[in-house]
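I've put the structures underneath this note.
Two complexes are shown next, each including subunit A; its partner changes from subunit B in the first to subunit C in the second.
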Partner chain A sequence: MDKKAFLADMAEILEVTNAELSDALELNNDNWHSFAVVATIAAINEHFGITVPADTLIKCSNIGELINLIEANIK
Partner chain B sequence: MSVLGKRIVVSGASSGIGRAAAQILAKSGAKVVLIGRDETRLDSTLNMLEGDGHSKYVFDLNNTDEIPSFIKDISVKQGRLSGLFHAAGLEMFKPIGLVNNKSIEQIFSVSIKAALMLARGFCQKGVREEGFSTSIVFMSSVAAMTGQAGMTIYSASKGAIDGAVKSLACELAPHLIRVNAIAAGAVKTEMHDKIIARMTAESIKEYERKHLLGFGRPEDIASAAMFLLSDASVWITGTIMVVDGGYMLS
Partner chain C sequence: MERIYSRIKAIRTFLPEKKLTNSELTEQFPDADINKIVNKTGISLRSISSDVECSSDLGVKAAEKLLTENICSPTDIDFLLFCTQSPDYFLPTTACLIQERLQLPTSCGALDFNLGCSGFIYGLSLAKGLIEINAASNVLLITAETYSKYIHPQDKSVKTIFSDGAAATLITSINDDSITDPIGDFIFGTDGKGAKNLIVPAGGMRLPKSKETKSESTDSSGNIRSKENLYMDGGEIFNFTLNTIPSAVNQLLTRSNLDINDIDYFIFHQANKFMLEALRKNLKIPTEKFCINMEGYGNTVSSSIPMAMEIALNQGTIFEGSRVMLVGFGVGYSWAATIVTI
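Then we have the complex of A and B:
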């Protein structure tokens, strides 16, 4: 699992710096739009080889929840 | 729309559109040469084919430089070729901020690079039937003609196919080789499953609504491919045939 590379992609998708990308970073109407969600699903698939449903992913409210969701799907 | 007795190479024959094309071509009396990477799935396609004289080759089209000699070998072993349908391809969703050389190469390699080298292989002396019309068909996509955020690499690779079709058709017409492409809308295959797996239920509905006749079936593209590979289309070259259930109208 290539978490570091995935987080670098997430920083790009959410248009923040790597340093700004903490577990607490909020996913809201400004940054968590459909394009970002689709791009995140593609990035999760590329880095972890799993597909997380869009309808589930869209409900994540911060990066910590997103990571937990991925880890739960990997197990 | 006869393909009776024609020997036709189909790439991407282990899945989706390529598999459906192999089936309909075989049913109509063609001898089909299947190409794919996954031997098990290629064998499944082979087992589905009616008639005889079909063959299969496990080959990774990313081995670009080896494609012409691979096609030559096929013709030596199987006999001269009358047609080529290049259906192998990959999809990719990448925002421009994540585009890099690896991702561009991944998509362009199997799409346009393989298309050009397959065409080169097909044109070699002694490989194809000479003296009458033969046909090359590439898979393109409506994505080359209409924009879709995140699909830049894919769209560009299909746009490259569309451009190549036009120049190749000019160059190969004196040799009676016709070159065309099919610009497909969304067709229910494994590739399509991957695309819609990234969408919410609501956006899938919206995506299907844009296809005025609903999502396509692999057979819908396969029959268009068979037309372009058959003698029914002997006066057609250099075209991009749109087969999209009305998507481009919406």
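Then we have the complex of A and C:
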């Protein structure tokens, strides 16, 4: 599980710096649009080799929830 | 007895004259970051059929190039396969109209089949079947779509991607036991669970057009559409593709007794750059062996593979003897793949 590389991709997708990306970083209407969700699906597939349903992904309200969702799907 | 083989003899394509540019999209959607979208999709120009241009018109124009360039004559064609999801009429069969327009013989078989982005591969399999049971010698496979007629003018989720267009592919029989089968094994797949994720809900018999189906709504991204318009859940389509296509590619390689390194070039349905890049990375295919070429064309649905093939042939990327994997996937869900030797 290449979490570091995944988080670097997430920073790029959400247009924040690596330092700004924390578990508390909010996913909202401004940054969590359809392209960001699709790009996240691609990043999850690339780094963890799994796919996560788009409708579940879109419900994540912060990065911590997103990480938990990925970890639950890996198990 | 010599075995009959089938091969792709020629491909010609046609795009409507009217274009939709990125600057027009920027004007229409001032609040959206069109450049960002374009950067992801890799599409900068789309072709749009005029009000009087139907899929048969686009298909006929592509097929006429095969005739005027003397690649074949109308009398050579003994079967016409027409793939569309935007037919001229509910009935009659659009292929029957095209038979008359191209002056194909009345002894020619003709049928329509309704598939989207997997349609070209299914068409090749049908043509190969017809030829190899000796029911036809020259099959004209026409793929043509006018999806723009389904798209709401204010729905950027599909307007930025899809393009109208047509391809005419001539598949002929050859009797030569010394060759590798020019159209090899196929794998197919279907999962109707995905039907709702790429759909025009109204206008058929299940939900006829009515005042209610014309009612428009706005989604969370600000796109407007009614039930009579094309709807695509991009995220779900993307997930389906990532879940299905890499294993389909591996299944085909196993069935063909080939390794991924034995394939000279990969032409997948040219959906958009972003999706193709994700698939390429997943399958670890080198960039130089993987076709991404829809910038000036957009996603032409069932014609995207033959269009990319025609360009690759003209540019010399693929040539006689090249082993090319073709993979189609999308609406249905439906998918199919094959390996052709040029």
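We adopt the following convention: the second predicted complex is superposed on the first by the 75 of 75 C-alpha atoms of A that agree within 3 Å, B and C clash if a C-alpha of one lies under 4 Å from a C-alpha of the other, contacts with A are read in each partner's own complex, and residues count from 1 in each chain.
By our rule, contacts are C-beta pairs under 8 Å (C-beta built on N, C-alpha and C of every residue); 3 or more make two chains touch, one makes a residue touch a chain.
Everything numeric here is computed off the predicted structure, so don't read it as measured data.
When the shared chain is aligned, no partner comes close enough to touch A:L69: not subunit B, not subunit C.
With both structures placed on the common chain, the touch criterion links A:L25 to neither subunit B nor subunit C. Shared-chain residue A:H33: touches subunit C; no touch with subunit B. With both structures placed on the common chain, the touch criterion links A:D55 to subunit B and to subunit C.
By the touch criterion defined above, A:L7 lies against neither subunit B nor subunit C after alignment on the C-alpha atoms of chain A. When the two complexes are overlaid on their common chain A, residue A:V16 makes contact with neither subunit B nor subunit C. Across the superposed pair, subunit B and subunit C both touch subunit A at residues 34-35, 37-39, 41-42, 51, 53-55, 58.
The part of subunit A that touches subunit C in the complex is made up of residues 29, 33-35, 37-39, 41-42, 45-46, 51-55, 57-58.
On the side of subunit C, the complex with subunit A involves touching residues 36-37, 40, 157, 220-221, 233-236, 238-239, 242-243, 274, 277-278, 281-282. Across the interface of their complex, subunit B is touched by residues 9, 12-13, 34-35, 37-39, 41-43, 51, 53-55, 58 of subunit A.
Only residues 92-95, 97-98, 149-150, 194, 197-201, 203 of subunit B touch subunit A when the two sit together in their complex.
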